[in-house]
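Just so it is clear, A, B, C and D label the chains in written order, and each chain counts residues from 1 on its own.
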Amino acid sequence: MRVRLRFFAALREQMGARGERTLKPGATVEILWRSLVAERPELAAVPIRFAVNETYVEGSHRLADGDEVAFFPPVSGGR
Amino acid sequence: MRVRLRFFAALREQMGARGERTLKPGATVEILWRSLVAERPELAAVPIRFAVNETYVEGSHRLADGDEVAFFPPVSGGR
Amino acid sequence: MFRVTRRPIVVATLLRAVRDPAAGAVVTFLGTTRNENAGRRVVRLEYEAFHRMAEREMKALAATAARRWALRKVAMVHRIGVVPVGEASVAIAASAAHRAEAFTACHWLIDRLKEIVPIWKREHFRGGQVWIGAQQGTPDTRGRAASGRTATRGRRRRPVDR
Amino acid sequence: MFRVTRRPIVVATLLRAVRDPAAGAVVTFLGTTRNENAGRRVVRLEYEAFHRMAEREMKALAATAARRWALRKVAMVHRIGVVPVGEASVAIAASAAHRAEAFTACHWLIDRLKEIVPIWKREHFRGGQVWIGAQQGTPDTRGRAASGRTATRGRRRRPVDR
C-alpha cells in the first residue's frame, strides 16, 4: 500500500514538506517512522508526534492505503 | 462647619443629588448620617457607604469644614 | 487609561493602551448587558457613577494589581448611561509577559471593580425596573426584595420609577 | 470562527463572532510577540501550521470547552508567517452568561491550544533563530539546548537557518 507523508517545522527542514512511501499491508505508523529513521539515523533523537488524516494517533496505529501521515515536533508551548 | 453632601443611585432619588449641612466641629460621618435619618426616618433601613472627598471612609471619620461627603448604596456587584 | 464615559466602549482603544513590546499576553474582559437576569427579561441597563471617585478607584485597583502581579499595563473603562442588550458596560485589559498573570489580574480587577468602584446599575426589564446591588432594599421597595435584590414592578409612580 | 490566517488578527472580528444577547461576559486572550525570551533579544516570531488539522483541533477544543463550561460562543484565530514584536499571533474569545466560566474556559483553551494545536514557532533573535518547543533538540542543534529549548546561534549555514 501507498501512503503520503507530510513533515512540519524542523522536521520539514530535514525531510522536505512531502513524501510518499510504499508499505506492506498492516504496517503501523511506528513501522513507517522506523523505516524513515533507518534512512536518516539522526532522526532517532527527534521528539516526534504522529497524525493520520489530520488526527493525532499513537505509533501503534495501523495504516491504510492512501493515508496521509504527518510527522512533526511537539507543539510550541510557551507561557 | 459646613459640609457638602452628594447622593447617588436610589439614595439620590430620595434625597436629591446634592445638599449642604452645618455641623458642630468634630462631627463624624456617622453623626451626619444620623441627622439625615432623623429628618427622613425611612433611611434607617438603607444599606449605606460613605466617602469623604472621593475616598471611602468609616462612619467614625471626623469631618472638616468644606468636606464633600458622599452617600451611596453598595456597588452593583453581579457575576 | 482609566475612564468613565457615556460613549460605547471601543476595545481597540484599550488594547492600544496596554500594548507593550515586553508583553506576551493581553487578557481583556468585557461585561455586556444580558437579555435575562433572575428570570426577568432585561431590555437595557442604566449605569450611574460617582464619576471622579470611580476613576480614582479604578486607578487604585490597577496600582494594587501591579504590585501583586508582574503586569505590564492595565486599562479600565466603564460606560454609564443606557447600555442596550449585547453592548459592553465595562472593559478591562491587562498585559503581562506571561498569560497566567494577565488572566489572574484581569479576573481580580473585575471582581474588585464590582465590589468597590462607585458605579450603580438600574435594570430595565419588561414591566419595571430595579436598582441592582442594594441588597437590603431601599425604603421604597422594602419587603419586596427578591433573591437579594429589590424590584419595583409595573408602572406605579414610585420614586424608583422616575 | 476557527481560523489559521496569514493576516494580522483583528480582535473586533472575534468579538463580533462571540457576541450573544445571553452573554454577560466576554473574555479575550491575545498572545503577542515579546521582545525578549530566555535572555535573547527577539526580533520577530515566525509561525508554521498544519493548517487544516490546526483548524480542526481548535474546533474540537472549543467543543470540549462548551461541554465543560456554560459558554455561549468561542472564537479562535491563529496567525502564521512572520509576527513582529507587539503584534498578536493568537486570539481566543469566549462569551458566557457569567464571567467565571468565560475566564476559566479562555485560559484553558489557550493552555490546550499551546499543547496540541499543530502550530510551531521559530524565534528570530539578534544573532540567530531557533525552533521553539522541540525540547529534546533537533539533530542539528542537539547538545546546545538551553533551558529546555534549542538554539542555533550566528549565521552558519545549518538547516535550521534556512
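Just so we're on the same page, a residue touches a chain if its C-beta (ideal position, glycine included) is under 8 Å from a C-beta of that chain, and two chains touch if they have at least 3 such contacts.
Source: prediction; values computed, not measured.
J.: If you apply the touch rule, which chains end up adjacent to both chain B and chain C?
T.: Expected: D.
J.: Taking each chain's centre as the mean of its Cα atoms, which chain lies farthest from chain C?
T.: Chain centre farthest from chain C's centre: A.
J.: Name whichever of A-C and A-D has more C-beta pairs touching across its two chains.
T.: A-D
J.: Determine the centre-to-centre distance between chain A and chain D, using the mean Cα coordinates as centres, and give it in whole Å.
T.: Computed value for the inter-centroid distance: 23 Å.
J.: Please work out the Cα centroid separation of chain B and chain D, and write it as a whole number of Å.
T.: Comparing mean C-alpha positions, chain D is 51 Å from chain B.
J.: With centres defined as the mean C-alpha position, give me the chain C-chain D separation in Å.
T.: Distance between chain centres, rounded to whole Å: 29 Å.
J.: Chain A: which residues touch two or more other chains?
T.: Residue numbers touching two or more other chains: 78.
J.: Could you tell me which residues belong to chain D and also touch two or more other chains?
T.: Residues 24, 31, 99.
J.: If every chain is a node and each touching pair gets an edge, what shape is that graph: line, ring, star, complete or other?
T.: other
J.: Pairwise, which chains touch?
T.: Pairs flagged as touching, ordered by label: A-C, A-D, B-C, B-D, C-D.
J.: Hey, which residues of chain B end up touching chain D in the complex?
T.: 78-79
J.: Over in the complex, which chain C residues touch chain D? Could you list them?
T.: Answer in residue numbers: 11-12, 15, 19-36, 85-86, 88, 95, 97, 99, 102-103, 106-107, 110.
J.: What residues on chain C touch chain B, complex-wise?
T.: Per the stated touch rule, the residues are 31, 48, 50, 52-53, 56, 114-122, 131-140, 142, 159-160, 162.
J.: Would you tell me which residues of chain C are touching chain A in their complex?
T.: Listed in rising order, the residues are 24, 98-100.
J.: Mind pulling up the chain B residues that touch chain C in the complex?
T.: Per the touch definition, chain B meets chain C at residues 6, 8-14, 42-43, 45-47, 49, 51, 54-56, 70, 72-78.
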